[in-house]
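Labels run A, B, C and D following the written order; every chain starts at residue 1.
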Amino acid sequence: MSDAIVMQNVWKAYPNGVMALNGIDLSVKQGEFVYIVGPSGAGKSTFIKMIFRELKPTRGKIFINNKNIASLRERQVPYLRRKIGIVFQDFRLLPKLTVYENVAFALEVIEEHPRQIKKRVMDVLDLVGLKHKLRSFPNQLSGGEQQRVSIARSIVNRPPVLIADEPTGNLDPETSWQIMDVFKRINDQGTTIIMATHNRDIVNKVRHRVLGLEGGMIVRDQQEGDYGYED
Amino acid sequence: MTFASVSAVTVALVLVGLFLMVMFNLNKIAGDIESDVEVRVYLDQSISQSEQETLATELKGIKNVQEVRFQSKKEGLNNLLESLGNDKKSFTDLQKENPLPNAFILKTKQPEQTIAVAKKAVQFPNVTDVRYGKGTVERLFSFIRIARNVGIVLILGLLFTSVFLIANTIKLTIVARRSEIEIMKLVGATNAFVRWPYFIEGLVMGVMGSIIPIVLVMVVYRLAYYNLGGDLQQMFIKLIPYHTMVTNLSLLLVAIGALIGVWGSLNSVRKFLKI
Amino acid sequence: MSDAIVMQNVWKAYPNGVMALNGIDLSVKQGEFVYIVGPSGAGKSTFIKMIFRELKPTRGKIFINNKNIASLRERQVPYLRRKIGIVFQDFRLLPKLTVYENVAFALEVIEEHPRQIKKRVMDVLDLVGLKHKLRSFPNQLSGGEQQRVSIARSIVNRPPVLIADEPTGNLDPETSWQIMDVFKRINDQGTTIIMATHNRDIVNKVRHRVLGLEGGMIVRDQQEGDYGYED
Amino acid sequence: MTFASVSAVTVALVLVGLFLMVMFNLNKIAGDIESDVEVRVYLDQSISQSEQETLATELKGIKNVQEVRFQSKKEGLNNLLESLGNDKKSFTDLQKENPLPNAFILKTKQPEQTIAVAKKAVQFPNVTDVRYGKGTVERLFSFIRIARNVGIVLILGLLFTSVFLIANTIKLTIVARRSEIEIMKLVGATNAFVRWPYFIEGLVMGVMGSIIPIVLVMVVYRLAYYNLGGDLQQMFIKLIPYHTMVTNLSLLLVAIGALIGVWGSLNSVRKFLKI
């Protein structure tokens, strides 16, 4: 198989009883670009958190590169995560590290060579337009700037899979398009991209596979789809 | 944040250090006093020289007796008068007609054996009386035993308390960094990678926290040793020598500090690693 | 004057030297609806934080109802804030309170009658579509749900001024329109609204005064304006 | 989080409580011993009855003398033999020809006045010697003074330490709630509104933290008082009565706990209110 991600009958119940995912079946090919759309609370973030095992499914199997990560051993989890770049909806930057250090961290974790780190981090910060903020701390950044640091960190180690949870939620349209450019480029280089988004403009203009989620179920799976939900 | 932890270590170790300083000395003094306990065997005034020599050998033969020493009546009186302090002058009459008998002084191998030895000694001929400060010695022993037990309980309590306090403080500082640890893990850091800085931090914290207690112990013991030492020596009480005490206690404090620091740090990190 | 908000030559330098606002002059009339647009890092959030004195200007004067709040005494600040509803870009919910309690808090602060509180909170939660989540805690909500709680809290005590920092950043278009409906209604009732946003659709469809911010300066001030920055 | 604070209070107050228990008693005992010190004025053997009566009045006239008591030579010997414990039997000879003189025993109003009184008494006629355990008394006084000072320093240190530890812990728990406090303020809460729950929390924490220490003090003092009390009474040492001690100490501990709790809590909140 060249399936990067496969889900088989995945269910997720949160400890308080909320059923966030109700039987997801899905397969995403290596190099595909998939939008996840759906109303607020549909389960997009929950779906995404399954892929890098921030959450374990209550039921079902999730294969990343043909390995079932639902039954992955704890010690193996970090190695899974290193193959997946993640843009968090709430950014999750390390508050005591500068912008530079936050991005570099993802490379230090994989014990990249220090000289390599420097060059690569500067390149990526340039891509997201934050070279001038490299010495700032997260709490000294605007919302959109924090979001871009999170994006920079997710792509810095060139992961084969990129997962982005609403990566343009705090960005103006112009900056959003810049980011989409970056995503397009790394997608062209073979990176699988899963992106949860509310941005109708982007989904409609840059056509890719669209996965509609509602009430924790896949209600639409459309190649070259549009955002849908027209008002 | 780290300041909070270092100062918790400092505070705890100051208490532990001062307390240990006192305890070690009390323990030594108690030991000294114990080993000073002796059995006095009073002899019949009419005992002959040869009988006396036989008795000495026989006494020496009693199980657990380590040393037998003869104390003449004169020596005995002097000792008695000495123990009365400077009221001695009033007793000049006594020296003319000494009412005390001659005696053998026995030392036992272990202080606790005094009582058994005394019971045997009293059965020999020509022995009029055997004294070992009955009651007094027994009370002294039980006092020392109680004091030691109380001391051990206190020191364990104090240590436990310190560990608890320090761990508590460290935990609070690390809880504040919970999300930090979780983010690291989500970005692909292994447990070891996350733990490492916390290990170092715990170690540094522990060692730094033991600096003030060590200095304090040194200063306080120097003062105590050189100021009180003399007075106490007059009362036949010897303190643990300055350098022995300070060296041992310093090492002990650093070790305790480092151990608790590292343990508290790693222990607090542990539960946030499970993501 | 019936000016709700007046800024005179307002400058803001952050402690690390970043100049976020460079001489803002502005007046907003009672009952106006103003969009603040501009690229990421333009100073929108900084501008907004000035109005309820989360930040003090480095230089200049800010009048709310003709009172200069730059020189307001500390004890008076809470009473200023009670007249301003605020939707924070990063939500700022109280983590140990439920959704219900978070919204009710804004009423408890002004010592509203308990029975009033209950009714009013339920009404507002209904407006933002979160009645079913009232017992959840913030960390049990999706991003969009948290944002809606923040919105509910900001309007619950019917403040004469509403300030919203990117209130639809984490919402799907449909929910965003719902929120805009709510805003329109309270604006019709006379509430002054200042809304920083990246949402081109909304700005272009629901026309209001548009304030373009760039590099900490007002570069455009247009009645019934559009989002601008066409690509 | 609150558990951390309560247990910090508990730990600190246990130490303070036990220590105060000991200190209060030591202080009482020291006072008792001090007021037991006396001056012995030995009389010439040849003194006449009338001379003796005059002397008694004169001694009574010395400044600061509170009480003058006659001690016959026989009484004196008995006291001496008693203090030698059960070696008394060996001295039966002494009782036939008592070498001790008659004496007056003086008590002073304040124990520190002993020395001055002794110096005056020695100048009267028919007084052969004056004893007040020279050296011993002086050493006892300086020992008591040192012990008291050390005790006060220790208790202050312990209290300071406790306050510091507790404040530290409370601060950490509240730092974790910094954003909570800030959000409240941003939503229009007054300082008083924000502070109120923290005041209550500090109070409850302090009071809850003092429960275990109080129970512990009660149990420990009950044990100590009823087990050691008897033994100590034989040595003429009286402990502070159980109920007095427990009542006072409990109130003291609750008060300290509540004060520190409230103070630590409000103090930590204070700096986050400035938004």
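Definition applied: a contact is a pair of C-beta atoms (placed from the backbone, for glycine too) under 8 Å apart; a residue touches a chain by one contact, two chains touch by 3 or more.
For clarity, every value in this text was computed on a predicted model and none was experimentally measured.
The set of chains in contact with chain A as well as chain D comprises B, C. Farthest chain from chain C, judged by C-alpha centroids: B.
Centre-to-centre separation between chain A and chain C, using Cα means, comes to 29 Å.
Chain B and chain D have CA centres that are 24 Å apart.
Our note on geometry: chain A versus chain B, Cα centroid distance of 64 Å, whole angstroms. With each centre defined as the average position of its C-alpha atoms, the distance from chain B to chain C rounds to 69 Å.
Chain-to-chain contact here is organised cyclically: the chains close a single ring, every chain touching exactly two others.
Listed by label, the pairs of touching chains are A-B, A-C, B-D, C-D. Chain A makes touch with chain C in their complex at residues 14, 16, 18, 37-41, 44-46, 89-90, 136, 140-145, 147-148, 165-166, 169-177, 198, 200-201, 227, 229, 231. Looking at the complex, you find that chain B touches chain A at residues 179-180, 183-191, 193, 274-275. Chain C meets chain D in the complex at residues 52, 54, 74-75, 77-79, 81-82, 86, 88, 92-96, 105-106, 109-110, 153. Touching chain B in their complex are the following residues of chain D: 1, 4, 7-8, 11, 14-15, 42, 80, 84-87, 89-94, 97, 99-101, 129, 131, 133-136, 139, 158, 161, 164-165, 168-169, 171-173, 175-176, 231.
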